[in-house]
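Labels run A, B and C following the written order; every chain starts at residue 1.
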Amino acid sequence: VEKSLRELAEYLGGTLIGDGDLRVSRVNSLDDAVAGEITFLANPKYAAKVATTGASAVVLPPGGASHGRNVIEHPNPYLCFAKLLDLFHVPKQPVLGVMAGAHVGRDVVMGEEVSIYPGAVVGDGVKLGNRVTLHPNVVLYAGVTVGDDTVIHANVTVRERCRVGSRVIIQSGVVIGGDGFGYAPDGEKYYKIPQIGIVILEDDVEIGANTTIDRAALDVTRIGKGTKIDNLVQVAHNCTIGENSILVAQVGIAGSSKLGNHVTLGGQAAVAGHISIGNNVMVAGQSGVHANVADNSIVSGTPAIPHRDWLKMVMTLPRLTEIRRSVQTLERQMKELTGQAGEQEPDYFE
Amino acid sequence: VEKSLRELAEYLGGTLIGDGDLRVSRVNSLDDAVAGEITFLANPKYAAKVATTGASAVVLPPGGASHGRNVIEHPNPYLCFAKLLDLFHVPKQPVLGVMAGAHVGRDVVMGEEVSIYPGAVVGDGVKLGNRVTLHPNVVLYAGVTVGDDTVIHANVTVRERCRVGSRVIIQSGVVIGGDGFGYAPDGEKYYKIPQIGIVILEDDVEIGANTTIDRAALDVTRIGKGTKIDNLVQVAHNCTIGENSILVAQVGIAGSSKLGNHVTLGGQAAVAGHISIGNNVMVAGQSGVHANVADNSIVSGTPAIPHRDWLKMVMTLPRLTEIRRSVQTLERQMKELTGQAGEQEPDYFE
Amino acid sequence: VEKSLRELAEYLGGTLIGDGDLRVSRVNSLDDAVAGEITFLANPKYAAKVATTGASAVVLPPGGASHGRNVIEHPNPYLCFAKLLDLFHVPKQPVLGVMAGAHVGRDVVMGEEVSIYPGAVVGDGVKLGNRVTLHPNVVLYAGVTVGDDTVIHANVTVRERCRVGSRVIIQSGVVIGGDGFGYAPDGEKYYKIPQIGIVILEDDVEIGANTTIDRAALDVTRIGKGTKIDNLVQVAHNCTIGENSILVAQVGIAGSSKLGNHVTLGGQAAVAGHISIGNNVMVAGQSGVHANVADNSIVSGTPAIPHRDWLKMVMTLPRLTEIRRSVQTLERQMKELTGQAGEQEPDYFE
């Protein structure tokens, strides 16, 4: 692909400053770009590199020093970088239809221009939207629905009746709609509670490799529109995750918890069951959330506390042994001063 | 399915109080049930809803106020709910035999009424019990045995010679019998120790999605009868998990550890290698068990300590900075009182 | 297989002391070995068992007391054990070629003596070395390369253009080259940054079941030669892991971090993004590394601190409530002595 700066300015929704007829065919970093490539300034501390980059053009924030370069001004150059990668560097997938070695069940409804690779198994009554791609060995159980332009990578399983939105990306090895973990104790043993609900992945969701999202016991486990989930994350039955939230790798969310919109959970963070987390909350990596969290909070630690308090605490923690020794010294001094042992038992610190 | 209350009382092993000829065809919650449905009271705090529910009948604990309803009395209404879900809401799977697109090796012994979906691969010498279901793309390596009524979901792998009991459920993406993680250090490098043992899943075990249970180095990694394991759990080589235990999602158990019966490990808890955990032990989520744990203990934290001590500790922890400041003040006051610096170096707290 | 001690001494690179014509056909532990078997002494505390073992021969460290046994002396008997397991107990896999039910794309280059099981899907332009084994339902996307003698177990996915070295072992369910987790915030929403880099697994790497290693955004996520990764580990995009390192189960490494050679990360440890960890570093299980770590360090805790400091800290932590009570007592005593309240607010500890 080769594009003129005029075309790129229109594609990006930016303002052209310079030669609109100049043509580029790649995007690259400020350091590595050469003639024929466009670059971008995302971090102001690298502004001086605009003068020295080998690129033919630069995406700058409005008012950024152009150093005489051909420029497209845009308030979000990093977003432009992503869109230029899409344009120049992501090959368009051919439409392959149902390939030999794919298994398609009865009463399947297919949109236009689907691609179904060998080894994919499409259960009875599945509905696929337009331009859906099922990579090799994807398994869709009976009654699954998949929206337009969704890509499901190799070895993914989507269990019966689950609903996958449009423009969803599911990375390899993901399990959508496995049985929730629910048992009725029966004295000695555990009796399995049938999990007859489903999972709904709303539009524009992405799910990372080998992540598991369990079906609800009775109704719906829901991942809100635009939410992005990283690898090896566990979302238990009956959870509701809001819109445009971020769950980093190895996060675990126990059953029936509810997260708001624009929530960010750091890697390996855990949320207990039946917890409510508000909008715009950030949870630090490895934290354990045991209680509800209000909108706009930042929390850390296990159990999670306000991040600011946690920072103070972990700064002091390595001094704990010294603090204890100081207290012992003070107690000895106090005893000498007052001539008595105080209120504690004498071998308190053994 | 439609059943009379008389039939349901017999099915549940409960006591009928009311019209035994009344017929219902669904189970639902106290809030949502309508005529033709049966509901249940599992939590005493909702007892008043028995008077107002739209259900045609209610499962109550013995002596529960019936408010004139048709009632089945049973000591465990929640267990009855699970059994009613099974009866009314879990569709019976048809017997499908070996479907087109399944791959079956040599010398395979099959029970009656098995269902093997497309893409499943059954290795040489595998033995399948009666009514076994292998969903699409399940892979059983050579010499695997599977007991009666076991269900293995899509994209599961069971490695060579492992033994799966009866009435076992394996959720999608699980790996049973992958090589244990064992190497002999050889100066610079690590030399792989062949893992020639197996995994045994005893009867009535359930394994959650994408969980991994490694084969033993020489003998057996064993999951005891009735134990339920959630998603993304790691059980390392040579472990023995007792009967009727619960491992919540993302738990990790290092090599050669031994858990008793009726153990519960909370989500993301970890157990070090060569540890012994007794019967009826509870380990809180995210804890790290570094030492043996006696029967009937409840432990929390990393390293894990008695839960009661941990609770006190985490209540005090956020005050640590204040405690340190108090100690500094006391030291200053003590110095003024005694006219000397005490035993610590003066810039101790820098 | 049956071998003379002379042949075994040569195979192991050890020194024969005793009857070189004696033949053995198995390896076993000191306790369990019988006639016709060879055993080994890896742990000096079991040296007395050499006298009583039923084995026909023993591998001893140089100068170990032979108690009149036939002996092979070698400085690393445990390594010899691993090699004897290989020799006697690991069945040689037959060469199977491309089996019926495997799907091979266009322009695939294959070495000699490959084995490709049913359900494996080999994308266009893939290059396979000699003696490669692809177990059932392995999926290699287009342009993947695989070195000689590499074994890929069932249900593994390797995404487009990733490069797998020689003598690599990939356990079942692994995902190599899934998209890195990168988005450009666009006000409300997140815009996916295309991940156009690859993953390189160098020679002699082993990857544990259901582990995920993401492709780089632009260039390479690299796992160094000889490194062994356990189950359910997450390695994010753009990471570089050095040579002969060990990542225990459920470790998570965030984007762009760099680990040296001979690093060991304990189970469930986490490393934040853009961190540099030196050579020969050990990180304790469940730790969280938030800052760079120098060569030869041992660190523990979240955030990770020197292991020695962490040990002292966790020994004192359960006494925190007692320390607080001592401080309160001291403050009361100080107030009595000085007749004033000190500098803190009086209800400080509420």
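The rule is simple: a contact is a pair of C-beta atoms (placed from the backbone, for glycine too) under 8 Å apart; a residue touches a chain by one contact, two chains touch by 3 or more.
Values in this document were obtained by computation on a predicted structure and should not be read as measured data.
Where chain A and chain B touch, do the two copies share over half of their residue numbers, giving same, or under half, giving different?
different
What's the rotation angle, in degrees and to the nearest 5, for a C-alpha fit of chain A onto chain C?
Angle of rotation between the two copies: 120 degrees.
Measuring centre to centre with CA averages, how many angstrom lie between chain A and chain B?
Using C-alpha averages as centres, the distance is 26 Å.
Touching two or more other chains, which residues of chain A qualify?
Answer for chain A, listing residues that touch two or more other chains: 119, 137, 155, 173, 210, 232, 250, 268, 286, 317, 320, 323, 327, 330, 334, 337.
Enumerate the contact residues on chain B facing chain A in the complex.
29, 76, 78-79, 81-83, 85-86, 89-90, 100-101, 117-119, 135-137, 153-155, 169, 171-173, 204, 206, 208-210, 226, 228, 230-232, 244, 246, 248-250, 267-268, 285-286, 314, 317-318, 320-321, 323-324, 327, 330-331, 334, 337-338, 342-344, 348-349
Which of the residues in chain B end up touching chain C in this complex?
It is residues 103, 119, 121, 137, 139, 141, 155-157, 159, 173, 175, 178-179, 181, 183-186, 188-194, 196, 210, 212, 214, 218, 232, 234, 236, 250, 252, 254, 268, 270, 272, 286, 288, 302-303, 305, 309, 312-313, 315-317, 319-320, 322-323, 325-327, 329-330, 333-334, 337 of chain B that touch chain C.
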